[in-house]
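Listed next: structures, encoded as structure tokens.
In the two assemblies presented below, chain A is common to both, partnered first by chain B and then by chain C.
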Partner chain A sequence: MEQLPQQLVNGIWQGAALALFALGFALVFGLLDVVNLAHGATYMWGAFFGLVCVTRLGWPFWAALPGAMVGAGLLAVLLERLAFKPLRTLTTGSLILWGGFLLLLLGLVGFHGGEFQAALVGLGAVLMLLGLVQDYRAARPLLQRSMPYLAPMIASIGASTILISLARGQFGAQVSRFPPDLFPTTPYPLGQAVVIAPIQLLVLAVALVLMIGLHLLIARTRTGRAIRAIAWSERTARLLGINADLVIAQTFFVSGALAGAAGALLGLAFNRIEPTMGTQIELAGLVVIVVGGMSSIGGTVVAAFLVGLLRVLGVAYVDSSFRDALVFALLILVLLARPQGLFGRASSTRA
Partner chain B sequence: MRVVGLSVLVALSLALSGCASGAAPGASPAGPAQGSGTAAGGLAGEVPVGAVWSLTGAAAVYGTVQKNAADLAANEINRAGFLGSAKLKLITEDDRSTREGGIAAFEKLLNRDRVVAILGPTLSNTARAADPMAQDKGVVVLGVSNTADGIVEMGDFVFRDSLPESDVQPNTIRKTKDKLGYRRVAVLYGDDDAFTKAGYDVFSKALADAGVEVVATETFKKGDTDFSAQLTKIRGLNPDAIVLSALVEEAAGIMTQARQLGIPPSVPFIGGNGFNSPKLAQLAGSAAEGAISGAAWFISDDTPGNADFVKAYRDQYGADPDQFAAQAYTGVYLLATAMKNANSSDPRAIRDALAQLKDVPTVLGSFSFDASRNPVHPPVVQIVQDGKFTLFK
Partner chain C sequence: MLGLLLDHISTVDFILLNVALGLSIYLTLAVGLLSLANAGFLAIGAYTAAILTAQAGWPPLAALPLALLLGALVAAPLGLLVLRLQGVYLAIATIGFGEIVRITALNGDKLLRALSGDPRLTVFHGAEGITLPYSSPLPVLGLPVTTWLLLLYALGLVYLLATLQRSRYGRLMVAVRVDSLAADTLGVDAVRCRMLAFVLGAAIAAGAGALSTPVVRVVDPGQYSFGRAVDILAYAVLGGMTTWVGPIVGATVLTALPEMLRPLQEQREVVNGLLLMLSIIYLPRGLADPRLWGGWQRWPAALRDRLAGGTTEPLPAPPQRGPG
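On to the complex of A and B.
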């Protein structure tokens, strides 16, 4: 029993990191009803962006964290334009974007020799940029349809696989880490037999700040109102003159930035960055949004802390074999007792 | 309805993400097999030898150095004319750190490339799944990193040159117990991996034999990143040392988090083969200081040819070799020596010659196979000091 306070601390800071990750999930689901299974890969790339900022650009960590967020945010926007938007509205821009993307991939994975490859990558990047602009300007799409339920999820799985492979090609399959002593490791005592490491404190603080920021963004700003309007009905929002494509891009940016922050912070806290690091947290994140009520922000946060604590306490008081079993037992319990999630409203009045 | 539908999607995505995480297999060119299948009629031409390493996935840390070291040894053998006019042709396959990948690699090497012997695979788990295929086919498989139990027991064509944990660990405990004066230890191990589980079994027996009290036994899973729950429990019991059976990536995470939780550096980590990589100090930084491990090989040991091997490896790959490199390097030489002694590339003749190897001078020391095809050579104990392994004295 005397270990309980420390176990609670362990669970709480991990719950905070999980909340950061899951909020991005919930945001996208609330907006488009899409389960973005490339969110874990975005998280992983966020960690690598942070790592690149520190090791190759020599930035201090306080600058690398925003760097990771911006990088992962932009990646998420690109992902939306590549994998999700063409499923709703196909424009000539999307086709150009895809062409550029394929060239870029060819340039990145091929073995044609330096200059040709660099030219392919360059051409691909320019085409992608052109495609993005053209896609944004396009007034008359080639094809417009309501999105089938499964297609975007399958597309996001494909995107996730590509992102993981690219990371493996770029950084190798081995575990990377931030340089040692980037952050002090001496723990702060919180009380008798309770300590917290500086990095864990940072995770907690950053997570709380970002959560409050997200709440204010959704509840108080014009963009937040537009997001809520689109979540309620994209068609109505468009008729009311909301630039839905811009708002969707902004939402994906925020979602990606949150994942990037979680990736860089956990990559540093756990000392372990690798191309497949997103898979584990993605499962936990899925449970969190279902338990929390899919698109409810407060619900997601509470569920994230719940799952974080359950994972730690499950190992502490049961056995490491039951860690995921307990989490999924919680999922089944919630689905049985409250299918709309702990904090979700029935779907007819949602959002 | 929506939420119920979603839960189905979640389940589906779990299944799919499981499939999606595998890497594309690295294919290597396979020419026509020459010299294989010929009866004991001397040694000539190219002798195809398979090598199955984990070049991607969880064990890539080990597989990569094994490939480097095996390639180095094969090149040396071919350049020096060790086999007369015959040349070793190493055909490398990636098993992606999985059993399925190992089976696919063995399938290709045995049936398509018709190799006369196979080195590897990297993980004991994979070896248990794939080695029986070579046994059925009557082709020698020489494990160079399989240290778990139940490997050579699979058949008379299965050998290993990696000292099993059951030879290394008792030696480690014996040598360190009195010098460090620990009486109460906590044990932490990965219970879903044949290698770390076997390490745990051996440690608990060695600890019992040495009269050391085990105050807690905790487990974790392969690929786990958070160990705070287990370490908090261990911290509450104030052990004198922590015995850890883990692969290097988990071991590094555990050491870092132990110090973050305030377990003092005066409580050392004692481990087995999984620690034996320069990666440990790279990944764990100052948290790895004082970590102790038993090993089959030590970088500045004065075994025959060791200095030359270390230099050649450094020159070629720009990094220090580790124990896995030394064992892979030795494996290629053992196979070549057996072929030379048998003067044949017939798999059966190679098997018989290999089984008879005695007191061969290798970088691991004077090397023999015992009657059950296990290696016999002296182990060492090492400790991390200033970010490097040094001999524990």
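On to the complex of A and C.
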């Protein structure tokens, strides 16, 4: 029992990182009713963006973290335009975007080195940019449709496969690591036999700052109000003159940036970055948003701390190998007892 | 032709296996349920067969009925619990079930040792998995017997599903998928219909698992992760979810394509992801959409009509009905 305080500390900082990840999930689900299963891949790319900033560009970590957030945020926006928007409205611009994307992939995957590859990648990127602009400007879409809930989820599964595969091609399947002297490792004592490492403190601090920032964004700003309006009814929001496409892109940027922050921070905390690192946290994140009520922000944060603690305490007191089984048992119990989540109210506090 | 088949016999085996799995998830999709539990049932079948054949010395075929039964027995109580859930919630709950099965297989020995009190009891072999003794399968009529078994299983499923699709139950399933509420008010027992599809799908997946053991040779928990469940879903989505032809086309394309794309090495998965995205965005009814192919089939007839100056026999007139 004497290790309980230490376990609580571990549970809290891991729960904070999990909350960052799951908030992105909840934000997108609240806005579009879409489970974005590429969120784990965005998280993984965020970690790699951070790694590239540190190892190849030589940035210090305080600059690499925002770098990872911006990179992952832009990736999430691109993903929205490629995978989710064409399911709602198909425009000429999105066709151009897809053409550019196919060229880019052909360049990245099909050829090894040489000017031809560079030309294909460059041409693909330019076409994608053109397509994005044209897609945004489009006044009259080619096709407008309502998709079953299954479609965006499957599109995001495809996107996730592509992103993981590309990461494997760029960085290899092995574990990549930050340089060991990047961050001090001497732990601070918090009390008798309770310590917290500087990086764990950083994770906790950054997560709390970002959570408060997100709360202020949703509750106090014009964008936040627009997000809530679209979550309530996209059609009504459009009729009231809200630029829904822009707001959806902004939300995806925030969601991706949160995932990127979680990826870079946890990548550094465990010093383990690999292409498949998103899968486990994605499953944990799914549990968190279900327990937290799918789209309520407060519920998501509380549920993330709950799941984080459960995982850590499961390792300490039951058995390390059963910690995820415990988490999923919690999931099924919650789904059966309260399908709207422990903290959810039927469609009242959304986004 | 036969030589080509024999050179790629393991690919053929995997195509047949994946066809069976695609058909198993098609059954639940056909009643409008998104269940991702099939990888879990696959694991249940595979572990049952592996334990019985490698450790208890049963003949491989004898394990099949037991695996089918066990799949159905696990699915029935699970279905009672989770089929009340809708849409995304059901998907997430079944993902949870799959993970619990995988974790149980990974740590089954610890559990058994704690329960039986024998610290050396080893049944599941943890992450290494159960390795089946290698024996080259008997050739029957030029093909290995394992391939014949898989082929018979897949053909049996196709027969079952094609019959089902045209039967009363098939029409009930369509009604439940398209509008569950309306079906309910018309006296269709939607709950029973869903339950039947779920249990049957689970038994099919478990049976496929039992037949897969001689092909995969090593049964380890890593094969039955969330990724496998997603792969199985991809077969049905790519091919199309409205007829049983869909999962067959989807499984064949998605299994054969990576083999053909070997030069791309690690990045060939990109093509699978791309196909999935393209098909859901631009062909939401799948590759085997009857409307897509119906148009092409009518081309020769239309051409012939044009060439013959429209003198071909007219279609028989539909039976007379009142206005409406």
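Rule of thumb we're sticking to: the second predicted complex is superposed on the first by the 344 of 351 C-alpha atoms of A that agree within 3 Å, B and C clash if a C-alpha of one lies under 4 Å from a C-alpha of the other, contacts with A are read in each partner's own complex, and residues count from 1 in each chain.
Here, contacts are C-beta pairs under 8 Å (C-beta built on N, C-alpha and C of every residue); 3 or more make two chains touch, one makes a residue touch a chain.
What you see is a predicted model, and the numbers here were worked out from it, not measured in a lab.
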Problem - Touched partner set for A:Val290, first chain B, second chain C, both or neither - result: both
Exercise for the section: Quick one: classify A:Glu115 as touching chain B (first), chain C (second), both or neither. Expected result: neither
Exercise for the section: Check the residue A:Leu335 against both partner chains and state whether it touches chain B (first), chain C (second), both, or neither. Expected result: both
Exercise for the section: Quick one: classify A:Ala193 as touching chain B (first), chain C (second), both or neither. Expected result: first
Practice task
Mind working out whether A:Ala173 is in touch with chain B, chain C, both or neither, as first, second, both or neither?
Solution key: both
Handout entry: Partner chain(s) touched by A:Ala325 [first = chain B, second = chain C, both, neither]
Key = second
Practice task
Considering only the touch criterion stated at the top, classify A:Ser160 as touching first (chain B), second (chain C), both, or neither.
Solution key: both
Practice task
Identify the partner contact of A:Leu87: answer first if only chain B is touched, second if only chain C is, both if each is, neither if none is.
Solution key: second
Practice task
Could you figure out whether chain B or chain C reaches more residues of chain A?
Solution key: B
Handout entry: Residues on chain A lying within both footprints (that of chain B and that of chain C)
Key = 35, 149-150, 153, 157, 160-161, 164-165, 168, 173, 279, 283, 286-287, 290, 319, 321, 331, 335, 339
Completion exercise
The answer for chain A against chain B in the complex is residues 2-3, 6-7, 10, 14, 33, 35, 37, 40, 149-150, 153, 157, 160-161, 164-165, 168, 172-175, 177, 180-181, 185, 187, 189, 193, 195, 197, 199-200, 266, 270-272, 276-277, 279-280, 282-283, 286-287, 290, 294, 311-316, 319-321, 323, 331, 335, 339-341, 344, 347
Completion exercise
Within their complex, chain C touches chain A through residues 34, 81-82, 84-85, 87-89, 91-93, 95-97, 99-100, 103-104, 106-107, 110, 225-227, 230, 233-234, 237, 264, 266-270, 272-277, 280-281, 284
Practice task
Going by the contact rule at the top, pick out the chain A residues touching chain C in the complex.
Solution key: 35, 82-83, 86-87, 90, 98, 102, 105, 108-110, 147, 149-151, 153-155, 157-162, 164-166, 168-169, 173, 279, 283, 286-287, 290, 319, 321-322, 324-325, 328-329, 331-332, 335-336, 339
Problem - Residue ranges of chain B touching chain A (in the complex, touch as defined) - result: 1-7, 9-10, 13-14, 16-17, 20-21, 23-24, 55-57, 60-61, 64, 191-192, 218-221, 223-226, 228-230, 232-233, 235-236, 249, 252-253, 256-257, 259-262, 279, 282-287
